[in-house]
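Take a look at the structures listed below.
Note that chain A is present in both complexes that follow, paired respectively with chain B and with chain C.
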Partner chain A sequence: MNTSKVNIKDLKLWYGESEALHGIDIEFSEKRVTALIGPSGCGKSTLLRCLNRMNDRIPGCRIEGQILLDGDDIYAPEVDVVQLRTHVGMVFQKPNPFPKSIYENVAYAPRIHGLAGSGSDMDELVETALRRASIWKEVKDKLHTPGTALSGGQQQRLCIARTIAVQPNVILMDEPCSALDPIATAKIEELIDELKREFTIIMVTHSMQQAARISDQTAFFYMGDLIEFGETGTIFTQPEKQQTEDYITGRFG
Partner chain B sequence: MNNSTQPNNFISDEKKLRQKRRERADSRFHWYGLTALGLALAFLVFFFVDIIGQAVPAFYQTEVKVNIHYVEAAKTNYNKAVDHKLRRVVSRAWLRTLPVYLKRHPELIGNNIKQWVPADSRVDQYIKQHNGHGLKSKYQRIVDAMAEEGRIRQVFNIRFFTSGDSKLPENAGIFSAAVGSIFTLLITMLIAVPIGVMTAIYLEEFSEDNHFTRIIEVNINNLAAIPSILYGLLGLAIFINFAGVPRSSALAGGLTLALMTLPIIIIATRAALQSVPSSIREAAFGLGASRWQTTWHHVLPLAMPGILTGSIIGLAQAMGETAPLLIVGMVAYVPDAPDNILEAATVLPAQIYTWAGESLRAYEERTAAAILVLLTVLLSLNGLAVYLRKHFERRW
Partner chain C sequence: MPQHTIKRFDEELDKLKELVLSMGGLVERAIGHAVKSMLDQDEALAKKTIERDKAINALEVQCDEMTRDILVRRQPAAGDLRFIMGIIKVVTDLERMGDLSAGIAEGTLRSLEHPPKEFSNLSTMGKKVQKQVNRTLNAFSRGDTELAMRVIEKDERIDVLYKRMYRELLTYMIEDPRDITASIILSNVAKNLERISDHATNISEMLIYIERGHDIRHVDHEAAAKLLSGEEI
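Presenting the complex of A and B:
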């Protein structure tokens, strides 16, 4: 069987007074793609942001429960958030490269975490990351031009390259293709398929087809509750719950 | 349904009327706008033409060609160096320098040299045909005769830029005020910019949004709206009476102006930081950058143009300020440029204020010329702000 990478136990989350997650129990398997689906506002992004503690920055946000990464509680007081984020990388909905050169974008995280010097070590690391994000061919001649001058799809792959440059274990993606056209989307999907050999990927998507195409497992959320979780094939063909079936077939949501 | 009885939606009389009314309102508004703009431009043009017209004569100084008697007696009484009837024609400021000059060049004693020397300010004003020149008719005749003989000329008034204030207008210049302004502004800059920028960074990027920080924010916004003279009182109380900084010094003035500029810089910096998209911060945090790294590596460079612009505009405002400096004693008669920040100093706007109150006609054009210099510096500062913003934006 698959080994569990991230284990969430009875996770509750409040934004101020309002409870956004009502006790989530879920396990994400290593080196697989898990899709989080559900109607807008059901808490997918919220859950995702718990996994690299990006919610820490939101004032009034409070959690209860446990999130274990390889068995270690990531909310334990002695955990260094900076270290955690090198293990759990994140790709955002809107491509957000730094307004610096392509090379700088990828080299930034390895440099601040001291993973490589600035000489040929770094060049190699940058090239590897760009290759793995399958964007090397397109940018190898213009590494020192601004990353923001690339097309949207290229920018998103640059952001993925930037994330994998520090060798995380888990990559979180929050609707990574929603700002992209179908061709760019296809490229990212291909890339995700490639990346799951090495990384555990958890992605939020609003596209049922996308979830069906690239994920191994799917979790359906509704109003802050996990309704159903299982192998993607099963969820899309024989969902256990009526709600899931209604959502997948487009009857609500 | 039968549509033929209904009037056409686009050409009914009522709609035409409404359209006409709307168009009339539009064009009326257009003309209001143009009139307002025209008035503003007219004021501006009038102001500049007037100032430049008044200021230009100050850049010229009348000189007269006279016989200078380099005699022993001139060492103690400089009046002995010129003929009696020319004593009110030659600049007294120049004559006063003779004894020292003679002591340094004793070989000149006994010579009688015909040379060009600066004219007295009344003669200068008379030659420039300014009303109220104050030259007695006896001297007017002498000067007229000299002009006939070609013994009067006008040269560039270098003293206006190289000497400090003087009770003799032909010797009065903006040098000491300019040095005072530079010292004062440097202190203001060195104090207000780092503290202001750090405060803004703390409030924007580090502090939590709680009661305490909100009170601070409201107060900072209020401080920016306080009449500047109150900062003078604050500066007097804190820096002079409490901390013992010398009165009238550039240090006292610079610190006082720093108090005044601080809120402006804080507000401008916060606006610049707020305009940096939060997706940049998320990207950096997501990669495991600390708050400080995120701010220093990503947010600050993007906010830099705004911070620079805000700081320069704040400093330009400080440079044009007189009221708070009045209170800390910097609006004073300062003939010699200060050597350090603890000596008595004055600043350009204060010099303008002082000259504007002088009665001699010659100060009037110097006032205008000093205003012109101040305006030029301020406009250059604002131009620099624009240039820096463009320059930094061009990077990506």
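Presenting the complex of A and C:
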């Protein structure tokens, strides 16, 4: 039985006068990987960014509808956005480690949120996060070298370690492998498969093969509408909607 | 259905379907020739049928190569994936149908030394099986799931014909032991025809999977019809 982690109800979003999402209803299940797919401009990244309120910073952007995280409205006036982002972490397309040491990249957020007390507690927290992000073995002897000196794939895993260091419930990923080579991509995909035991993962990807490989559920968006949402196996073998079929078989536009 | 953005992919799928249909055409002809060779006791036609099975086998290899190439290059999904999966199965069925037809022609060659006095209802059964194959190929060519369902339903009649023929041949053998060899050959021929019809049914079942996404293998007719009409089973 899948428990709903994030529940989106009739979500509409405008950038100025332009409506980018036209009333989206979707539920993301706990500890499952959901892939959001669709052509550029379909609203998938916009939706992803609503989930940790990154759109708040965009001038002229407003939303209607509800996004519930464990039943609580994340757009309620009393919600502290900084706290929200510890619960809903994000990994971006381009790896973006801070220009600090590997250790500091991971320790930074737990420190400002007061998640570790003594130095040894912090050491343990950093090690655990790096281990869970499958990068510990590669960096354990150079924790105090700059994170930016790592390879692209390692940087992305460092960013994942940084995200999970604050124990989020949900991890958002916006095309996390699009800047990586196939081997680094495979490592991230393997990692996602591990991470779903503990986290709910929602990922935007342009690679249909990637969505098919690693997601449990797939949502197809087109021009601001959710066209179809279902089990990945079904979406990729027997989609219900013709638009989905056309998109995933490469018959679009 | 709109075309693929990569037009070459459409061309490849069309070409593959064309190849499978040519293979089907050869199989259809092989069945007709094989049965005729037996009924007419025509040695030359039997030999020609056996020889022509090589062309069917060659087409199977060619289809498999194309399928492999499409899988590697295009990584098909949804309807395209079902089509490719279907083709892999259909081609195997057609190749087996070719072998079974060659088997009938071999029966003709064996029967020349033991000519049957009567052919029971071989002529009728041959025509009906050919019709089944023709229907399944037409269904495949047009993506006609209704026709495919008819093929599946009619297979039972072929089974009945086979059982009837087998019983009749058994009677001949009991009545006159000199007929045993000829009757065994004929009974094997009938068995081959019955199996050809089973393969035609498999192709129709695969067509329904390709077109509708429902796997109706090992499901009874009634349940299959319900599935196709969208009812839960």
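Operating definition for what follows: the second predicted complex is superposed on the first by the 251 of 253 C-alpha atoms of A that agree within 3 Å, B and C clash if a C-alpha of one lies under 4 Å from a C-alpha of the other, contacts with A are read in each partner's own complex, and residues count from 1 in each chain.
Methods note: a contact is a pair of C-beta atoms (placed from the backbone, for glycine too) under 8 Å apart; a residue touches a chain by one contact, two chains touch by 3 or more.
Since the model is a prediction, treat every value here as computed from it, not as a measurement.
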Room on chain A for both chain B and chain C (clash or fit): fit
Partner chain(s) touched by A:Glu245 [first = chain B, second = chain C, both, neither]: second
Partner chain in contact with A:Ile112 - chain B first, chain C second, else both or neither: first
Broader residue contact with chain A after superposition on the shared chain, chain B or chain C: B
Touching partner for A:Pro146 - first (chain B), second (chain C), both, neither: first
First, second, both or neither for A:Asn96, with chain B first and chain C second: first
Which superposed partner A:Gln209 touches (first chain B, second chain C, both, neither): second
Chain B versus chain C as contact partner of A:Ala184, first or second or both or neither: neither
Partner chain(s) touched by A:Arg85 [first = chain B, second = chain C, both, neither]: first
Which superposed partner A:Ile26 touches (first chain B, second chain C, both, neither): neither
After the two structures are overlaid on chain A, angle v-u-w for chain B, chain A, chain C in degrees (C-alpha centres, nearest 10): 140
Distance of closest approach, chain C and chain B, by C-alpha atoms in Å: 29
Chain B and chain C contact sites that coincide on chain A, given as residue numbers: none
Residues on chain A engaged by chain C in the complex (per definition of touch): 208-209, 212, 235-239, 244-246, 248-253
Residues of chain C that touch chain A when the two form their complex: 1-6, 9, 74-82, 213
Chain B partner contacts - residues on chain A that touch it in the complex: 52, 54, 57, 59, 81-86, 89-90, 92, 94, 96-100, 108-109, 112-113, 146, 148-149, 159, 162-163, 166
Residues of chain B that touch chain A when the two form their complex: 208-209, 277, 279-280, 282-290, 293, 297-298, 302, 396
